[in-house]
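In what comes next, chain A is part of two complexes: it sits with chain B in the first one and with chain C in the second one.
And then the complex of A and B:
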């Protein structure tokens, strides 16, 4: 190990890590939002619509992220969709994550006792209010651990963005490695940065969990 | 005294696939009267009760609240709009066996929720009325508690407050005390008795024969989806003619011997 190369490359490594975090954060937020919309549509839309969306879920879940990203970045221009590497990466992460997030939300909604929905219907609450006031808050609580878990998985999918030349951490590490022929150092940096990021996310997730479940735990 | 609804149930049938859950049910409930539905489990009591506010769809027949058909535009016709159904449900309160309080809201918020989202009251106004309803069920000092910090009896009283805060004209109770520890049953039944004394129309699915005997105006006995008999409580509970009722009561009394 040569510590000097870390000093030398730290500016571009840190910039790369910043981009990794940015791509992950936006991809996760948009992917979750899209997943939530999908889960709600699957719950309320008429059958034919749900079949179409189910097909989308199966296709996206059934293919590797790498392939999806290639299709989006290199195939997109053929249908007039020309994206820069970073936006393409974020859109790719959004699409890739959405069906997983949708399934997580779906199971979260299923965990809300049906009686609590019926109680809302019985007093005459309209469905949008039921979703907003009952289904979402309670469903999210059940879904939270799985949401955090999948967000963590997504952090590591960001390395694939290097293939479409997004200058994120993996891209910069590869550059450092090929320029210095120091491959061990590169992998060390990758491991350390990702471990740190995942640690922060999981701690943050646990904190939210403790916070939002404080009234839900039986303690008479 | 509350403004109370009448309920007219005529020739109601309900099928779950091939299973005939309700068979030609006829039952009419006059305003301000308390009717208890009793019978063995699986007899269709809860299903019938849930048809009254259309939480359960009936397959044929008519259910009318104050003369207005619920669930369908015309008998045997298309379903009524969601908006019309919600309007009808506003004046029908329901209390469930499992309480079904919303666990992320305090007792006060549970009761105020309907007033805010359905009646459109301001938060202040809704919470004032909710507090009043909670005091009425004896929970004036528990308003800030979440359901997880309340006993089963207290939770069920909050659920009753949630229903009565909407100023219903009809109250449906689906085995309101069946999930409670025996020592907590009394507090819930007392609230229900007070409600009956105010002149509320009540339909109560129950296994509490004492409540049926002392509070009900009429008792309806159901078995296997059929309404076997409807009569004064004494006639059903003390001098039943139908052998099915006799058998049911025999089992009930045997279980309560010790």
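And then the complex of A and C:
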């Protein structure tokens, strides 16, 4: 084990880590946004539209993320969709995450007591206002733990972007390993790093959860 | 444009490679069930050291991406002098990774059983061994079946990553096919179709199991 190689390669490792975080943040935010739109459309759109979206959900959830990336990155140019690795990776993460986020939002909305929505209708609230002031605030709070959980799963998916040559952390570690012939050390430290990252993010996520759901805890 | 002929032709080699995808995920879940049972037992055991070990095992394997685990094992084995075919290394890595999730599924299933049942069993004088084999395990196993099928679906998808260490499963075969035909779009969509077909079948099995248990 030679710690010097990590010092020597620290600039590209740090840059790689930056890209990992960037791809994760953008992929999660866009994926959540798309998922929310899908969940709302599924709730209000006419039947045929929901069938199409249901098919999208099944297809994305039934295929590996790596194959989705290959279709997008290598297959895309054949139909005029030419993306650089990083944008392709972010679009890929967005598409991959959206059906899972949509299902999380859907069950969050289902947890909103129907009586509250009926009550809102009874006092004459318009449907958009019901969504904005009843469905979203209540549904999002009950969806929060699952949202945090899936966002954590997405951090681990970012390493797959290295296969389509996004220069994120995994990619840079492989580059370092190939140039120094130290394959074991690099991957070992990478494993420890992700372990720590996931633990930190889950702790942080639990803190946010308890903060936002404070009002739900019954005091004796 | 999209070439339907290439798309259809891709299915031959990809379906052949599908047997390795099924083999890796099937053996992976089998190994995961065995190791997962041991880890779950360690987690529920009265020995703090074992409990601690199981907790670290689960947290490490769930915290580290499978791709990193695969490369770690791939580079670690030669260093510690173990010479096995890549296929064996892949199955073992996938199985060990699955064990963390399986043990959590079983822990959840056991925790979901009403406490009153084991109390009642104690009250009528059953031995601890009998309580486990006749009350807790049969129910926990059937309770956990849908979640285990779900885990198997995740493994079928995760097995695409072993393409990185050179095993000719669906994804690796589609890369080879895309390289020879220069038609990545058709080939990768064909690969996606095969994965989708496998997973839709598994999901149908999962629904049947869930339905059976609800009755």
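Basically, the second predicted complex is superposed on the first by the 217 of 220 C-alpha atoms of A that agree within 3 Å, B and C clash if a C-alpha of one lies under 4 Å from a C-alpha of the other, contacts with A are read in each partner's own complex, and residues count from 1 in each chain.
Just so it is clear, a contact is a pair of C-beta atoms (placed from the backbone, for glycine too) under 8 Å apart; a residue touches a chain by one contact, two chains touch by 3 or more.
What you are looking at is a predicted structure, and each value in this text was computed from that prediction instead of being measured.
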If you stack the two complexes on chain A, which partner ends up touching A:198: first (chain B), second (chain C), both, or neither? second
Could you say whether A:18 touches chain B, chain C, both of them, or neither, answering first, second, both or neither? neither
Is A:64 touching the first partner chain B, the second partner chain C, both, or neither of them? second
Please tell me which partner, chain B or chain C, touches more residues of chain A. C
Using the touch definition from the top, say if A:122 reaches chain B (first), chain C (second), both or neither. first
For A:190, decide between first (touching chain B), second (touching chain C), both and neither. second
First (chain B), second (chain C), both or neither touched by A:113: first
Just checking: does A:137 make contact with chain B only, chain C only, both, or neither of them? Give me first, second, both or neither. first
Where chain A meets both chain C and chain B, residue numbers: none
Quick check on the complex: what are the chain C residues that touch chain A? 2, 59-60, 62-69, 71-72, 75-76, 79, 153, 156-161, 163-164, 170-171, 174-175, 178, 183-186, 188-189, 191-192, 195-196, 199-200, 203
Help me check something: in the complex, which residues belonging to chain A touch chain C? 58-59, 61-68, 70-71, 74-76, 78-79, 156-157, 159-160, 162-163, 170, 174, 183-184, 187-188, 190-191, 194-199
Chain A - residues contacting chain B, complex: 113, 115-116, 118-127, 129, 133-134, 137-138, 141, 215-220
Under the definition above, what is the set of chain B residues touching chain A in their complex? 53, 55, 82, 86-87, 89-90, 92-94, 96, 98, 100-104, 113-114, 117-118, 146, 148-151, 159, 162-163, 166
